[in-house]
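Could you have a look at this structure, given as structure tokens, before my questions?
Naming follows writing order (A, B, C and D), and every chain is counted from residue 1.
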């Protein structure tokens, strides 16, 4: 039994290691991002030399200037890849972390933009992720733009979304056309299903491949050393996905 | 026998404590300023509650962000008083720490401006000091302006020179008129002497008082606890003025 | 530097003050926030540096807050911030949205005493459209058009955080949470709660000085044992996930939140509750 | 992170590189400067952060330097910097004058990845007239005219400093000399000489982390015992005033400077000379 979170982590890991993309030396993972964190650890524990900066790791956090150091690192051009989710994401890869309805979220208020309005423009590669794949999340046009998917010429921007990993599929993003293409659907899903669950338009090849299952080696890494690294920062996630609790393993 | 350095320190201390000036809570002393440092310690050891930030104190230096912290402190408006010297100082209180002749000091090159171009404008009070009182130092117009004595309206500026303490006398400065007035001459000097030794024009009262001698209490403080505080930072100065060496008193 | 009682320290905060608070992973003054609730403060304008969590949600729920300028309000793994969300929907609190590096930049401008600082990114975000106090200029150093955002200096009236130790000179040890120095430098008044006191001067010790904020910036301190609880404090104590989950659950309703206040804030010293 | 031999580390610096050096009170890489002399480097463009001292004067005297951007060059109580003064008069080195907070600000702009930052003051100084790369704009946040200086980001090719310890991950401990983090963040390449190695991870220890610069910024390290000598290193060893006076005296003449090089730089390992 492969958990959806495991599938998504493996799909993200595949995007990270995409040989067509620029090499990744330093990846940062923001708050409340357990699936991308798992993907990064999967890459690292799989033997790929990569520096991970996990902002919300309580101990062994690499920063001595708090979150400012992450944003300065990014400003310096040292962060190659970042992850963003979204309360809403649209077909131009705009993300909305603020809320629905009128500003500042008259229908549903989300927590806020965090660093997205900066990171999305200043990082060479961003991988978008959102487990819930529904027309409520993937909309034709976000109600509020926390961070824009593309920018007009002349606006300083280092990169855009590389892709979008959801609970149903993987999209790739083409910044020149500001448009997603369906890259693969997870086992159990179909292209039709994805189309029906997606509020924005996108391109689709004639044959849509299935997202590959995580390999046995990947599953072993996720359930062992990856979970070990994540227990402290994401106890609820580890308990839910892998039925492991830090408190079972050591005195509180 | 009162050393000239002791007279100057006492004269600076009197300016620091001038009841007509705004109260001083936090004084910073830059590099290579032993006489102002002695004046500050004299004020503090004399029982006046004042915070001293001595940049070049090797141990017990209050900063954890180096000299930047001093300039940031000043930017924040937390430094009430600073000291500046000058290779040349003119009658408008312009100071030159760069050199004489053409830029950047074609005749004599001085070490450089250090923080003067910032501190002079951003500190509510600056006390100028220079032991050598000669037409070579006190010129009609500095060859190069490291930091201007006054600024045109509209230029953000928190303060100007309060006065100038030399090896011969004390001047007060009036920023509205951009002009010095002789306030007192040190024992052994005359108003005529000072005039002959000064390259710039200045005002002079009919009767020029003598700079008061340091009191016995002040001399005792200077030679005892003040010297104790300064031994580490200014070993040569303490040896020259007070014939005391740190190495005589402890193992190196 | 004055050493005060925690509740006296909280009482010294004027209604309406602009108060900077660190986020839930950086020495949050949680006990102080509970003391502010006990003191019945009103109309506080909170600043999340750069985001907001438990302390902000608690203060909003207790009716102490007029506005919050922040890049996000959340309880982390425990979910959305329930009081913030409810108060915003009811129009009881105003949110001034920012993005994390903009919060840092605005405070650094105040730290350096400059009226503004630039920041890359942000252009194209609706945040910019809702911040009339942020300006876009053409980068004067670029050969051709290069729009860049300028952010004004943000000087909090008061910054509050928790530290591990305070010495007799008011120096406080925050360890690797060096970023707190920026709010200490930027704010007009700095209040620090501390886990314990120490006799030795923290800046005189080359091992402790790097993690020390000079007493030059600290206006008053108060002892508050387990002062960040339920949030972790460096390697001193861990995060109390069970308590945060209990808070998140109770705060989902007005009644539940009142029960939380009764149980943990209004009647009991927080540290006793934490045992 | 690679651990190299001191002379190999110095040899890795390309001729013509823009090299940032801390001043004589902040972990000056003095042994590294002597190794640069031995390596025969040429046309280096030095950056004093924010001022320059022994290492810069030595490198200028040895003919390694084309220019120095700084707010001051001096040997402190030992007086003017003799090689700098002589080389400037002879037209052998170019000085690009700045003022201390401007050096910090330009490096902080590079640290934050912004093209410029403002600074108060400076207006009316002739420094501004000789810095065509500095601009004055009207503060966009002021109601009426308010000229303010904008400084461009300054990104050194290489930053070099000395640290007390390095760990196997390339993290280095600089204690309270936290300002060195800024040149580490701002520079393209960071070389660190260290007094000694340690096995434990410096960032994992809450007591050592505050004074640690992450290996994320460090490209290579080399062991250099007494690496700041004759300058003090925190509480590890003191300032060698007698040696600095000897340097100041010898360097007053070309012949004397050559004798200094023979005695302390070219033939002997510096640490042996220091015993």
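The criterion applied here is as follows: a residue touches a chain if its C-beta (ideal position, glycine included) is under 8 Å from a C-beta of that chain, and two chains touch if they have at least 3 such contacts.
Just so we're clear, the structure is a prediction, and the values are computed from it rather than from any experiment.
State the chain with the largest centre-to-centre distance from subunit B, centres being mean CA positions.
A
Indicate the whole-number Å distance between the mean C-alpha point of subunit B and the mean C-alpha point of subunit C.
Chain centres of subunit B and subunit C, defined by C-alpha means, are spaced 41 Å apart.
What is the distance, in whole Å, between the centres of subunit B and subunit D, each centre taken as the mean of its C-alpha atoms?
Each chain reduced to its C-alpha mean, subunit B and subunit D end up 28 Å apart.
Roughly how far is subunit A from subunit B, centre to centre by C-alpha average, rounded to an integer in Å?
Roughly 59 Å separates the two chain centres.
Send over the residues of subunit A in touch with two or more other chains.
Residues 59, 61, 63-65, 71, 75, 122 of subunit A each touch two or more of the other chains.
If a residue has to touch 2 or more other chains to count, which residues of subunit D qualify?
In subunit D, residues 112-114, 119-120, 146, 148, 176, 178, 203, 209-210, 212, 235 touch at least two other chains, as defined above.
Touching pairs of chains, which are they?
Once each pair is checked, the touching ones are A-C, A-D, B-C, B-D, C-D.
For subunit D, which residues are in contact with subunit B within the complex?
Spelled out, the residues of subunit D in touch with subunit B are 22-23, 25-26, 50-51, 70-74, 76-77, 80-81, 85, 88-89, 95, 97-102, 104, 119-128, 130, 144-148, 176-180, 182, 232, 235, 238-239, 241.
In the complex of these two chains, what residues of subunit B are touching subunit D?
Per the stated touch rule, the residues are 31-32, 55-56, 58-59, 61, 63-69, 71, 75, 97-98, 103-105, 109-122, 144-148, 151-152, 154-156, 234-237, 252.
Write out the stretch or stretches of subunit B touching subunit C in their complex.
For subunit B paired with subunit C, touching residues are 26, 51, 53, 59-65, 71-78, 122.
Touching residues of subunit C toward subunit D in the complex: what are they?
Residue list for subunit C touching subunit D: 105, 112-120, 135, 137, 139-142, 146, 148, 150, 152, 174-176, 178, 203, 206-212, 234-235.
Help me check something: in the complex, which residues belonging to subunit D touch subunit A?
Within the complex, subunit D contacts subunit A at residues 110-114, 181, 185-186, 201, 203-204, 209-210, 212, 214, 216.
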